[in-house]
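Letters are used for the chains, namely A, B and C, taken in the order the chains are written, and counting of residues starts over at 1 for each.
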Amino acid sequence: MSTANSSIRDVLYEPPGPKTRRRIGIATAVSIVVLVVLAAKVVRQFYIAGQLGPKYWSLFARYTTWRFLGRGLAGTMEVAVAASAVAFAAGLLLMLGRISRYKILRGFSTALIEITRGIPTLLFIYFFFLLAPQFGLKLPAFWKITLPVAISAAGVVAEVLRSGVNAVPKGQAEAAVSLGMRGGSVFFKIVFPQGFRYVVPALISEIVIVLKDTTFAYVVNYSDLMQNAKVLISNYDALLSVYLVTAVIYILINYLLHKLSVRIAGRNRIPGITIE
Amino acid sequence: MAQEQKRADAARQVPVIELRHIDKYFGSLHVLKDVNLSVQRGEVVVIIGPSGSGKSTLCRTINRLETIDAGEIIIDGAVMPEEGKMLAKLRSEIGMVFQSFNLFEHKSILDNVTIAPRDVLRVPRKEAQEEAMRLLERVGVADQAHKVPAQLSGGQKQRVAIARSLAMHPKAILFDEPTSALDPEMIGEVLDVMTELAGEGMTMVIVTHEMNFARRVADRVIFMDGGSILEENTPQEFFSAPRSQRARDFLNSLGDRER
Amino acid sequence: MKYACLLGRTIREAFVKEYGTCSMSIYALLTQFGDRYLSALFTTYKLTAAAFALAVVIGVAVTVMRIAPVKPLRMAAEFYVQVFRNIPGAALLIFLVYALPYLDIVLSYYVCVLTAITLIPSAFCSEYLMAGMNTIDPGQIEAARSLGMTFAQLVRNVVLPQAVRSSVLQMTNLLVATMLTTALASQVPLNPTDLTGIVSYINTHAVGGVTAFLISAVLYCVTAVVIGQVGSLIDRKVRVLR
């Protein structure tokens, strides 16, 4: 998205004249001062609270710290990958149901899509964490976090895939039919692969959401990045620094995924499809 | 009476549009080379030339939609500044009709015509609407007043764009290839409106490829190539006996297509 | 919508048939916890409305900064958006609740929750507004200029209305997303609790089980569907035809 932003910025302002240039110069100077003051205030707050002390930061110079966080991150990634895979499979099925020719199947899929899109991930997690065991459904912690996260994403994936399929020009299917292809193979060999390509960026954005949702793993006691951060905190008695570093890791990973999605979107731009 | 005549004569001597020594670069490309142009009140000036000759850029330069690197633009005696309220005011005195219409897509046809008078000139709403309806009537799209641009044909849109310009009571209107984006069958309806305007004494600067139209309505033809004005001439002379070799080549290259 | 209700009932009936002993009937649950449900629903709605309103205000301000011709402002706003669109809600909430006190900043649970569920949607709000603005054809801005409009006038007449109109659907999605984010409130002790928190509350105080889950799920879902329907209704009314 941020790459496309340049267009509106370019036309919104005319090339500045001398007066405007002076005004922009003043605004730039003032805003730099304000931002520096703000940053200084943050650092000062850290200093006053004694949070800049080496005791809180030296642990990050240790290999073991990073190995431990890395292991947590691996746990996060395992959940994210599994949940994405399940969400994709479920989303694909829901999408097929949603566009099926049978009214009942359509209604059923639509309802499921609305339900998974309209309920918070946490509620699904509580379902698997608190309720499922009451019925004797004993899942390992991994699935207790993976399944609800996947279910939460499935509806969105279905809608994203459907928007991709809808964006494929009708002529494509018509051409395939005129070549004698059958309904099923027209869809899976011609229409779906093209539609899928259109929505790759949106699907990557959905992976970001899945990754964010995995942070609820602490609810079910699964050791992910967040959980391992907690362990580090109790070992080193360094809460603020560890949580800060953890948050930055999450932000960086998601930022990179977001950039990737923007980049792919820029490469195969299709009108009518926006990435979220 | 005599005095009034005198004043009118004096006014006639101040050109509505005057460009002095305009230079413009796109990076290292010299797109306007020391261009001088003056347009008198009531004059219809048609700018023609091959694509890439700088004619569109010149047209857009007149109301400073393009920046210039050197020179002066003078609108009815007032120098057009680089920025600020005066720039906006002088722009409001010069209408502009674009190749791609550029109607405000979220507003009804009527609102497209009234928005600038109301917000820029502070004309009361009712007055602006009555005037807008008169103008839409005049360009033949009054029955579309309550639709939005997307519901109109290209020709209709361009006529609305002309009405939108007229609503500001401009001293001159610039037309930047007004028919180039139109289907052939719609070109006529737009040119008819423009011909009518010319007949009513509107000052116009027109960039176009429509040679028949140019011959018919132009008081003066300007031929541009390579960022320079190579020839200023009457349409009769220009089309029958162009002075410059490049103009001759250009007219020949049009061949029978434009005659 | 109709299907959602139908499906809810089917699932419930299936559960009741299989595990009838495990969950209370809706009637019993509502007599015991009805008031709590009402205040939970109210809490969720209140948080949603407050967070969404704040998010839009911040989102607009951030967007103004992002398009300002002042580079440091742009960079700061861009940084803000990237941080809050990419941080997981749980990580942000945990940071606000547990880490900020170490900086001598102690916020109430309610403020922590409201802050977390405002900051994240505000980043997305700005992204949607930017996308909405990019749907505007630059030619219209030139046309506005040629009619003598100043910068403020063309922003007011041309840019803003179109940006807002073409982001209605995304704003609707944002409102739903904000509502789903309010479930974060269940992660801190709040009284009254929200629609997600009440499920764990009931489960620790009674055998409400599946029924409690279903009531919350249906309330969320119905709200989301209603918001979605209203949103597409508004969108159909104000959409800019191109």
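Heads up, the rule we're going with is that contacts are C-beta pairs under 8 Å (C-beta built on N, C-alpha and C of every residue); 3 or more make two chains touch, one makes a residue touch a chain.
Note that this is a predicted model, so its numbers are computed, not measured.
Engineer: Using each chain's Cα centroid, which is most distant from the centroid of chain A?
Structural biologist: Taking each chain's C-alpha mean as its centre, the farthest from chain A is B.
Engineer: Considering only C-beta pairs in contact, identify the chain pair with the most of them.
Structural biologist: Looking across every pairing, the one with the most contacts is A-C.
Engineer: Averaged over CA atoms, how far is the centre of chain B from the centre of chain C? Could you give it in whole Å?
Structural biologist: Comparing mean C-alpha positions, chain C is 49 Å from chain B.
Engineer: Which integer distance in Å separates the CA centroid of chain A from that of chain C?
Structural biologist: 16
Engineer: Taking each chain's centre as the mean position of its Cα atoms, how many Å separate chain A from chain B?
Structural biologist: Distance between chain centres, rounded to whole Å: 51 Å.
Engineer: Mind pulling the chain A residues that touch 2 or more other chains?
Structural biologist: Within chain A, residues 14, 16 contact more than one other chain.
Engineer: Considering chain B alone, which of its residues make contact with at least two other chains?
Structural biologist: Not one residue of chain B touches more than one other chain, so the list is empty.
Engineer: Where in chain C do residues touch two or more of the other chains?
Structural biologist: As it turns out, chain C has residues touching two or more other chains at 142, 145.
Engineer: In their complex, what parts of chain A are in touch with chain B?
Structural biologist: The contact residues of chain A facing chain B are 14-20.
Engineer: Of all residues in chain B, which touch chain A in the complex?
Structural biologist: 67, 81-84
Engineer: Of all residues in chain C, which touch chain B in the complex?
Structural biologist: 137, 139-140, 142-150, 153, 156-158, 161-162, 165, 240-242
Engineer: Provide the residue numbers of chain A that touch chain C in the complex, in ascending order.
Structural biologist: For chain A paired with chain C, touching residues are 1-2, 4-5, 7-14, 16, 24, 27-28, 31-32, 35, 45-46, 48-49, 51, 107-108, 110-112, 114-115, 117-123, 126-127, 130-131, 134-135, 208, 211-216, 218, 226, 239-240, 243-244, 246-247, 250-252, 254-255, 258, 274, 276.
Engineer: Under the definition above, what is the set of chain B residues touching chain C in their complex?
Structural biologist: 63, 65, 85, 88-89, 91-96, 98, 100-106, 115-116, 119-120, 148-151, 161, 164-165, 168, 174
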